[in-house]
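Can you keep this structure in mind? I'll have questions shortly.
Chain IDs A, B, C, D, E, F, G and H follow the sequence of writing; residue 1 opens each chain.
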C-alpha cells in the first residue's frame, strides 16, 4: 500500500512535554498516533500530516515539521 | 520494524487499516475507527460510493456495497439473509453520505425505518456531495457556499434525525467525533436494540468546508458547543439531550470555515436566533416524548 | 501529475499556449472525483488543431507537483529518452535519476515557495509555482502568457499572489541540460 | 420493499450474503430497477428473477410486449423466454441450477408475458419438493462470504475489460449448461424444452417463423394447420435469447430458405425492425448462403397476437420463398386489418 | 433535484408546460432515470440531454464507454455522438432545432465521453447568442398546452401500435432533418458534421474502420499515417446512431470490401460482439454483396483507446482485405498486449 | 334533457366531469370535487397512475402525469416553467397515492419539501396499493388486513404529515371529506402560501377496506371522531387542531371495516391506548411549535 | 361516455320528506346529486348507486331502488 | 364479462372442467388492475392440451354477468352464429336479440338471487349464480364439479352459500333453444 497523498509536514512529539493524556491517539483520524509505554509514536507509513494531533494536544507537545 | 508491528496490532484492534484514500483531516476515518471500536468485529458494513467509501474500503470488517443510490436496501437483504441463517450475533450496519441517505435514497431509508428493519443506519454527513466536487445536498446548511450554491444555500438543512424519529423507530442519535465516549456509547446502545437504529454523524470536511485539516476536531467540538449540532438520542420516541453545554456564539463555528466566509452579519444573526430557538425547544422537550 | 491543482495548472498552461496562437488540449484522468485525490493530466500543444484524444504514453515532458509521486509517475508514464522532467524536488537536478537519459531535468522546491507565499497547508499550492518552472525549462509558453491566463482565472489579490508564485518559480528553478 | 430499485439491491446483497433469492417484476418495475439490474451480472451473483413482460409506459398499458426484458440484453443477465405457466415453473427450477453453477455465476431472468401467461390459468404440474431439492443442491457461493469469520469477496476488478470478458465467457459456457440442465430436468421430471431453441414441425420445411413467448403456443396451432394444408413452413421457438444461440441458428440457416422473425417489441430508429431480427441478422451475417429475412412487428404495447396475424405472417414468408425475394423487410402487422385484435 | 429519475421527469413535464429544457447525466444517473427516459419519446417531448458517456457500474469506473447511452437505443431518443467539445457545443444547438421540429417532436441525446471529451479542454468557439437565437426560433409545442386558458394535450393513445409507428416514422423523418439542420448550421456558423455519417479519407480505399465518439479524432491521425504509408483504409465516423443510417451504410457497402466496427461497449451473450456491429449487420443483411465484417471491443469500462490499438485494428482489417476472409469475427483488443493502456 | 343540462352546468362549476372509473363510493372523486371547488379553475394537476388517476383523468382542469414512481417531480418542472413564464396566477398541484407519495417516491416529496418548491403536494391515502389489488404500503395502519399482510400489518402507519412537517415547510394539513368546510378552507389557505404545502387526505376505500360503499362518509367521519385521523394544520411549524371532538372509541371505526375483522379485543385495546396517547400529545401541543 | 360500472340500485328522493339540507349534494362522490329549486335531482347517466346520499340524508328522504 | 367476480367465476369453471379430465385455459383481460373494474375473461375447454394463448374472437358462448354490459359485449366479442349466450338479465330469453342467430339463449336474474343470498350490495356477487346457469345452458361441466371447485376455493360457510347460489342459478335459469 503506498501513500496516495502528499504529506508536506509530519508530526514530531516532544516526549518530555507530553503528559500522556492520549488525546492525540483518540483524535488521529488515521490511527497513526499511538500512546505507548515508550511515549507517543507515529506511523509515518500512513500519517497524512493533517496536524490534528498537534491541534488537540493540550500541552503543545507535538509540532509539525517539514517533510524532506 | 518495531513501530510498524505495534501499529499493525493497534489497527487490528481498532478494526481499521492504514492508508485510506480520504483527504488529510477528514472526519470520516476518525468516525469509523471510533464506531468499530464500539461495535466490534462481528459487524458487516453495507455501503460504498462517495467519500464514505474511501474510508469503508479500509475497514477490517466485512464490507459490501453498491453505489450512491443504494442505501439501506442491501443491508436489508443482508439482514434478512442473516436472520434466515440464524446469525443474530452479527450487527448489520448500513452507511451512506448525506446526499445518499438524505436525498436520493431517502425513500429507501424511510421505508426501512417504517418496516423496522434490524440494522443500524448511519449517515456520514459532510453536508454536501463532496466526492463529486462539493455540490449542495438537502443537508447542506443554510447559508453555506457550495459549487451549486455560490451565494449560499437558501433553504435550511434537512433535519434528518428528527424526520426519522417521527417514523417511530426505536433509536435515533446524533454523534460527534469530538465526543468519543458519547459516540461509542450510542453505538453500543444501538447494537443492543433490535429493529431500526439511526445514527447521524456530521463529518467535518476540510476540503469542502474550507478549513485547515488540523481543525477537524475543533470544528466538530464547536458544532456541539454552539448547539449547531446538538447531541441527543431519541429512545422509543423520547428525547434525551446527552450534552448541554453553555452555548457559544455560532459565529465561532462559522468563522472557522471558508464556506461561510460570505455571510453578512445580519445572516449570522439570523442563524444565531434560529439556533437559539432550536436550543430552547430541545431543552423544553428534554425527557419528553416528541414522536406523535 | 499531482492533485486537483495539477488540473488547473495544466489548464492555465493550455490557455497560455492558446494565447500565443497555438492549439492545446488538456485531458485529466482522475483517480476519484473528490478534491485532493491524485490526478494525472495530459497536455498537448501543437501548431495545428489537435484531433486525437487518447492519453500520452511517451510524453515530451513530465511535470510532477508532488515529491512523493516522482518515482511512481516518472516510470509509469513512459517518459522517453531525450525528454524533459520538471519536478517539485528539493535536490539538485543533476542528482535526479529517472532511469532514462533525459535532455533536461529541472528541479524546484515549489513546496517551500508555496508555504512562503500562501502559508503552511497540508496540501501545498504548488501549481502556479510549477508553471513558472515549466515555462523556463521547456520554453513552450512565455511567462507573460501565463500571467494573463492566471489573472483571467483569479482576478484580484489572489491572482497577483499566483503571478508572484509563477514568477518565483521561473526564477528559482534549476535546470540541468544534457 | 417500497420500490424495485430497492428490491433488486436487497436481493443481490442477500445473494452475496449466502441466501438463495428470487424476485419478480414487470415493465415500470424493471426499468425503475435498471441501475440495480447491472449489479448481479457484474458482481457474479446468481439471482433468479421472473421478468413478467409488460409494455413500458407511456407507449404501453398493462399488457405485455417484450421491450422491458429485451432492454436488459446488454447487462449480462441470462434470459429464457417461456410459453406457458408450466414452462415458467419448470424454468424457474432450472434457472437456479444454471445461475448457481460455478462455471456461470450469472443471474437468470425467466421471461414471460403478463396476462397471456401470468394471469392465464392452465393446469400446471408442480414438481415434488423432495425431487426439486435433489435436483438443486444447497446454494453456496464460492466467491463470496460476508460472515466475519470467513470473509472473502472477489477482489475489486482492476482490469475491467478482463472482468467483462469473464462475464462474456460465462455467457458462452451458459449455452452448454442450459442445455445440460434442461436435459437432466427432462430426465427427472419428464418435461424438457430443447435448451435454447426448439424446432417445431420443421421436418422438410423450406421456411420458418421465429417466435418467442406465449405467441408460440398459438403459432403451433397455426403451423399445424398450414402443414395440414401442405405448406412447407415450420416454427422455431427462441427460448434462450441470452446467451443468443448463434451457432444453432447458423446451422439452421443452412436448412431453411426464408426466416420470418416475429418481434413483439420496437427499437425506434433501429437499423431495421425489431430486436430479435437484429440479433439474428448479426448471427447469420458471416454466412455465405443466408436465408431471406422477413421481420414483423406485432403484439405491441400489449395487444393480442392473433391467429389471423400469425397466419398472415406465415403467408408472407411462404410468398417470399416462392418469389425468391423479400418484398417488405419490416412490416407492422398490427396496423393491417386482419380482423379484430384486442 | 435529489436524483436523476426526478430530474428527467421534471424536464419532461417542464417541456410539456412550454419550457425549453436541458439536462445532462452519465452512467449511474442514466440507468437510474431509465424509467423516466421512456417518457419524452412516448409523449413526444423535445427534451435535449447530454449523455456524458461513462461505464456503468459495477464493471466500470468513472471513465467512459458507450454502454450507458446505447442502452437507450430502443427508447425513441435520437442519439448523436460527438468527437470533441466543439462538436458537442454545436450539436446541442442543432439538437433543439431537430427535437422541436414539428415533423419530429422527439428528444435528442447528445452523447460524448466523460474525461476524454467532458473534462478535456480544447479551444472551443462559442457561437454568437444572437445568431443562435436566429437559428433557433422560440419553442412552442403544437401538441401541448397545460395553461388553463388553452389547455390541450394529445389524446391518450388508444392504439398503441399506431402511436409507436408514429414515433418510428418521426425517427425516419429525423434522418433528413438532422442533415438539413447540420447543413444550415454549417452555412451559418461555418462548422458542419456531415449529418449522420462522416467519411474521412475514404477516397479509393478498400476498407474502413467505423468509430464513434472521441476515438474518432485519434483514428483520424492513425488513418492519415496509414494512408501516408499507402494503405487503402479510410475512416467512417458514425455520428447518428439513432436514427441509424441504414441507407447510407447500404450505399457505402458497395464501395468497401471490409468494414471494421469499433465497439466501445459490450452486450454479453449477444449474437456476436458489440452493439454497433449488430446494427450494422442488420442494416447490410439484405445486400447480395456484403463487405466482410470485423468487430473489435475496445475502451471498455473507461480505458483509453490508444493509437496502437487503432493501428492494430486497421491492420486486422487490411489483413482481412488481403486474405479475403475474416479470421476472427470479434476481438477483444484490450486484452492484447499492445503497449500501455491507461 | 333538462336534468342533463343542469348537471353539465354543475360539473363545469365543480370542475369535475361525470363518469370517472373509480369504484362506487370511492372517497377519491369526492375529495377532488371539494378540492377543486376550493382551488378554482386556474389549477394544473400533476399526477397519474393508481386509483387516483381514475379520478384525475376526469377533472376539468389541466392535468398531466406520469406513473406511480413520479410524484412532485413533474410538478416541480411545471412550477419552474410557470415561473419562467411569469404565470404566478396558476396553482400547481401534485397528487399521488399513499404508496406513491409515502413509499416509492418519498425521496422526491421530501426533496421538494426541502427545496420548498412552490406547489401543493396532495396525498390521496387509501392506506394500501389499491389499484394493484390491495397490497400493504408504509401508510397501511397497524393491524389492517391486506393481501400482503394476511394477518394484519405489524408496523404502525407512517406518520407522513408529521414527517413532512419536520422538513420545516410552510404548510401541512390533514383533511377529511366528512368535514368539507375544513377541507376547502385548508386548500384555500394552501393556495395563498408560496412554497411547499402538504395536504394529507385519508381516502376511504370501500373496495380495499371492505365496507359498504354507502358508508364512505360515515367511515371518514368516524376516523376524525375517534381521533384515528385527527384534523389539524401545521403553519410555519406551529400545530393547530382544527377539530377537537369528544373521542369516540376506535372500535366504532374499526368494526365498520372488513380489513380489521380479525383484530382481537387485546389488539383493539392496544390501538385505543396508542390513539389516546397520540390525542393527548396533540392536545398538549395544540398551538405550540412542534418543528425542531 | 358510457357507464363502466354496473349499478344494481339507484337513488330515489321523496321530495315531500326532503328538508333541502343539501347534504346529499355535498357528499355525493360523483357530483350526481343536486339540490335544485325543483328539489333533489340525480344524474342517472353517471350515478354509481353507491348509496352515500341515502346514508347521509338526515331525514331518510332518499331510498335505493332496484335497477331494471 | 363482468368485474373481478368474472375472473374467479371463470377460474372455477376451468377447475370444474379440469376435474372432469378436460383441459382448460382462462385468460383475463383487465381494464385496470383495481378491483371493481370491468374485465373480460376468455375460457377454453378442450379434450386435449390447449396451446394457443390468444384471445377468443368467435366464442362458442358468451356469459355476461352485468346487465349493463350485455349490449356492449355481445356485439364486441363477435359471438358467432349458432353460439350460446348466458345472460344476467331479468327478461325472458326469447326476448333477447343480440343481432346473431344463436342456438341457445339463457337468462337469469342473478342479481336478485345474489341480493337474496348475500344481501344488497353496490356490486352484487353474481358469479356463482351464473356458474349454475352456465352448467345448465351449455352442459360443458357438471354441477357437481362446480360444487367441488367452489368448496375448494371457499371453505366453510361462504362455500356453502356459494354452492347454494350455484344451485339456484342452475334451477332458475330459463333456456331458449333454436
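We take it that a residue touches a chain if its C-beta (ideal position, glycine included) is under 8 Å from a C-beta of that chain, and two chains touch if they have at least 3 such contacts.
Just so we're clear, the structure is a prediction, and the values are computed from it rather than from any experiment.
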(message) Hopping along touching chains only, can you work out the least number of steps from subunit C to subunit D?
(response) 2
(message) Quick check: more C-beta contact pairs at A-B or at D-H?
(response) A-B
(request) Averaged over CA atoms, how far is the centre of subunit G from the centre of subunit H? Could you give it in whole Å? (result) 31
(message) Distance between subunit A and subunit H based on Cα centroids, please, to the nearest Å.
(response) 84
(request) Averaging only over C-alpha atoms, locate the centres of subunit B and subunit G and give their separation in whole Å. (result) 58
(message) I need the residues of subunit B touching at least two other chains; which ones are they?
(response) 21, 23-25, 66-67, 69, 103-104, 106-108, 110-111, 138, 206, 212-214
(request) Any chance you could list the residues of subunit H touching two or more other chains? (result) 31-33, 36-37, 121-123
(request) For subunit D, jot down the residues that touch at least 2 other chains. (result) 2-3, 5, 28, 32, 35, 39, 57-58
(request) Spell out the part of subunit H that touches subunit G in their complex, as residue ranges. (result) 2-3, 31, 36-38, 66-69, 72, 90, 111-112, 115, 120-124
(request) Within their complex, state which residues of subunit D touch subunit E. (result) 5, 28, 31-32, 34-35, 37-39, 41-43, 55-61, 67, 70-71, 73-76, 78, 157, 160-165, 167-168, 171-172, 174, 242-244, 246, 249, 265-273, 275, 277-286, 290, 293, 297, 300-303, 326, 329, 332, 334-335
(message) Quick check: in the complex, which residue numbers of subunit G touch subunit F?
(response) 1-5, 7, 26-32, 34, 36, 41, 43, 45-46, 48-52, 54-56, 64
(message) Which residues of subunit F touch subunit E once you look at their complex with the stated criterion?
(response) 41-44, 46, 61-62, 64, 66-67, 69-70, 72-78, 80-82, 84-85, 87, 90, 107-108, 110-111
(request) Could you pull out which subunit D residues touch subunit F in their complex? (result) 2-3, 28, 32, 57-58
